[in-house]
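These notes open a run of structures that come right after.
Look at the two complexes coming up: chain A is in both, with chain B in one and chain C in the other.
Entry: the complex of A and B
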């Protein structure tokens, strides 16, 4: 980057990849926007016509939309809460010297490596099933009525499954951050008369703030588009109780064959994701500066 | 107020006895320096006193009270760490005030004490900065500030100057000595640098492999080292050791002579040799002389002694200043 010449040469060199990436992004986006303005139903091929904003009007006034919006937020916030709090707790535990530390740490990562559909099916059939599930067996052991998780608390069940999958990720990031905390700082705090709780509040938590931000950012990106877990467990139901935006768009496109409406939903989801991203980036900018 | 007594204190890590057994008495108001090569157990000893490590055996008495089982905070000691160990996300003000906040002091009291400490340490203008915005010397002062606000019975310093550059180190050395004069509080200071030990200490404790080799004032150790280790460790450049025939002439197994106690001449003397390297410091010149049949010896001469590489010179030890050691390395007096 030393001279004007090398700078323009560098621009020339990266131009092909930039153009390719741009096309990669622009073409699907442009097509989606185009479809969103058409009356385009797969059951009526050849009948496409310009529909103005009616697809958007239908999608936004659909009562399922607000339910889905709420569910999306509930999944993101619920999972974030469980994984951050649980992740800190697990990281603190795993940071303690103990027998078989290496194996335990590998075991902790395991859920992250299981595919979402598989994990969700395991939870659905082996844990939450009201007849054969482990939880049902436990309830019966204590003489209680088994609880049908997926029917009675579908959203909470989905949150639980997704949180179980993301907990290892949060734990891992927070554990590495925890291990980078200077030992002498902890000892200094000990000399200064700080109790274990004060050391956690005044020393460990501020030290972890950066790692927590990273966990929140990365998880939010993925949690906005949770899909497989819902598809294989509740199928968005009962009703729309566990439908999130991603699932709603899917239902619109592939269950009702309404490509136009689904495209409009997709564009709305993109806009909402960008609003979330805007606030996230501001939050991260603040933490990373400090 | 702040005397510390160690009785039979030992520390064992696994099968390895870092400190076999130590007895030591530190008087109130004394500036005691633990000095020794790396791995000699000096830092471990300090951490035992601080309570950051548990003693394996023996007892630590602080102010007449058995503190062996007390947690660090209740021993009434403050420690300054090698890395300063400042809390990076807190301002200088909060860093210094942290021990008081942990002791649930009143906010007004904390503010006053922090302001006092900042004034003593010239930190008043930096109170609202974060540690990373400070220079090494300023960080060091913040660490000291955090130690003094508690008004401890004794200060513990763990190689506090080793992260500073040479010029700053000399400055901070003076400042810490000055602080000791002002506060008159017991200070225990760990270093591997014998210059720091000599310049600051009231009492030096020379440690080697977890054992105390000698305890005494700086000049005691310089003039009357108990053994070869202390003789070699204290003094810079280090003492020359000669064994065999030349030592036998002084009825010793090994004789030691400090570079500054060798008289140099170009005409005649006891030992003849060739100058290897001459280090000119201006005020002094250190000569590394290859003495015939003995080996390399270091001699200290005036800065204007005219000599260069390859010159023939004669060295004569000052007979009154020769240190004699027996075959076990102990001093013969």
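Entry: the complex of A and C
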């Protein structure tokens, strides 16, 4: 029974957040859209002119764009595959009775708390370096030729580093969901003679489906904009072999000072993310009703 | 007999789980160990795990060569500053939406969340130009502003899901007894909301501490937090593994400790309450 007084007070209390987020959402985005129709380079100030859709046609016909689009998808799908499959396996393992469960949990969660630049540099130098890295030492130990990960398989290396960071997230969420599974249901299935495999397929997996969807959607949002890991390991290269959309726009803006082109790229990235966000919002909206 | 089998199973599970856990944790352990080696030992072949001459020289070197403490303080100021300002803005909003919901509350919440879906790179150009023209580029103030805005939706959402769990009747009762709005907030709501606020604070400090898009793009020498400072190690400058490790260890240690205390809140905060 909210009175008129409390209702207007409530509105007043919500106002600052709404106004701030509204400004944050509209002002820069409107500017990006405006810039994307200009021929505007920071190296040539005062030369701005209306350019129509030429920035978009330039960006969309650039071979680097297709490479970046492919790399973006490869990073998202590659990391999702590793983290979801690995996360389910790890969650099932950590759900078993064992000694020192709390400590193992802490060990597994740790990579998620590491800042991206540290994670990427540690992997780049101390593991993947073809001369001094641990992987090179292991290879030599087995009489193999050390492999230069970042030069010969840059995209795969980035995927590996990012997957290491996100595996804990998937594991943690799937484990939380797994622990809410009714023990009696599992026991009943076991009594009825269901094998471990069919218990997993018909009981555990359906129970996890919601958590898996949440993991996929939230990770996709973050994985679409992987940036720091690429910047400090491969710098997008060799060539554009490990450039994703975020990195391409960054390079266009802050390395080539092409404000117009970068803005068009930014808008394309926004449209892509919105397609994903649409599904995520529907998911979370449903939980609000529940 | 059955008990025997289950104990054996438990031992097998323990061995497998610990092996995998240590493998996943190994890069962090390795960084920690390397930070106490000399540069020569850091790249020695075969590498030594524990048996080397432990030295803390790298930690001194990192501080004396580059002003490490400045960047550490930048991280502290930016992550705590943005989180605290975010909380001050978000607490009244989340409170109002949790206790005086209207028909549109759900839409407002969903809309707030949708701002989080916008990829940062979509507004990189205007933000960079705005910051350049207003002198906010490479300042702590500028980073605090941006990080407050990008984390505000998460702060509001987390607080909202926690506030929702506080029984509304208690507030009604306080109101009946003639408590004013400010008294209601200070004496009734706050004590009940402290655990939720603390969890929100913790998660957001972690997120802000590790944020590595805006901090890398909008800061240079002066205001660079640790994310950007560590990135400067990406250009090879001779032998530097031990120093990189020392700088990294100091950068990740505080957050590792905070994070281990807030595992449960991590799940809840990062899934916007969809998985509890």
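The working rule: the second predicted complex is superposed on the first by the 258 of 290 C-alpha atoms of A that agree within 3 Å, B and C clash if a C-alpha of one lies under 4 Å from a C-alpha of the other, contacts with A are read in each partner's own complex, and residues count from 1 in each chain.
Heads up, the rule we're going with is that contacts are C-beta pairs under 8 Å (C-beta built on N, C-alpha and C of every residue); 3 or more make two chains touch, one makes a residue touch a chain.
Keep in mind it's a predicted model, so treat the numbers as computed, not measured.
After overlaying the two complexes on the shared chain, residue contacts for A:57 are found with neither chain B nor chain C. Contacts of A:262 after superposition: chain C is touched, whereas chain B is not reached.
Touch criterion not met for A:152: it reaches neither chain B nor chain C.
Using the contact criterion defined above for the overlaid structures, shared-chain residue A:121 touches chain C, although it does not reach chain B. By the touch criterion stated above, A:35 is placed in contact with chain C alone, chain B being left untouched. Using the contact criterion defined above for the overlaid structures, shared-chain residue A:10 touches chain C, although it does not reach chain B.
Between chain B and chain C, C touches the greater number of residues of chain A. With both structures placed on the common chain, the touch criterion links A:176 to chain C but leaves chain B unconnected.
Overlap of the chain B and chain C contact sets on chain A: empty, with no shared residue. Residue ranges on chain A touching chain C, taken from their complex, read 2, 6-7, 9-11, 13-14, 16-18, 20-21, 24-25, 27-29, 31-32, 35, 90, 93-94, 96-101, 103-119, 121-127, 132, 134, 137, 140-141, 164, 167-169, 172-173, 176-177, 180, 210-211, 214, 218, 221, 224-225, 227-228, 231-233, 235, 245-246, 249-250, 253-254, 259, 262-263, 265-267, 269-270, 272-274, 276-277, 280-281, 283-285, 287-288. Of all the residues in chain B, the ones that touch chain A in their complex are 50, 52, 71-74, 77-79, 81-83, 85-90, 98-99, 102-103, 146, 150.
Against chain A, the residues of chain C that register as touching in their complex are 6, 10-11, 13-14, 16-18, 20-22, 24-25, 27-28, 30-31, 34, 43, 45-47, 89-90, 92-93, 95-97, 99-100, 102, 106, 108-130, 149, 152-153, 156, 181, 206, 209-210, 212-213, 216-217, 226-228, 230-231, 233-234, 241, 244-245, 248, 251-252, 255-256, 258-260, 263-264, 266-267, 270-276. Put simply, chain A touches chain B in their complex at residues 182, 184-185, 187-195, 198, 202-203, 206-207, 209, 290.
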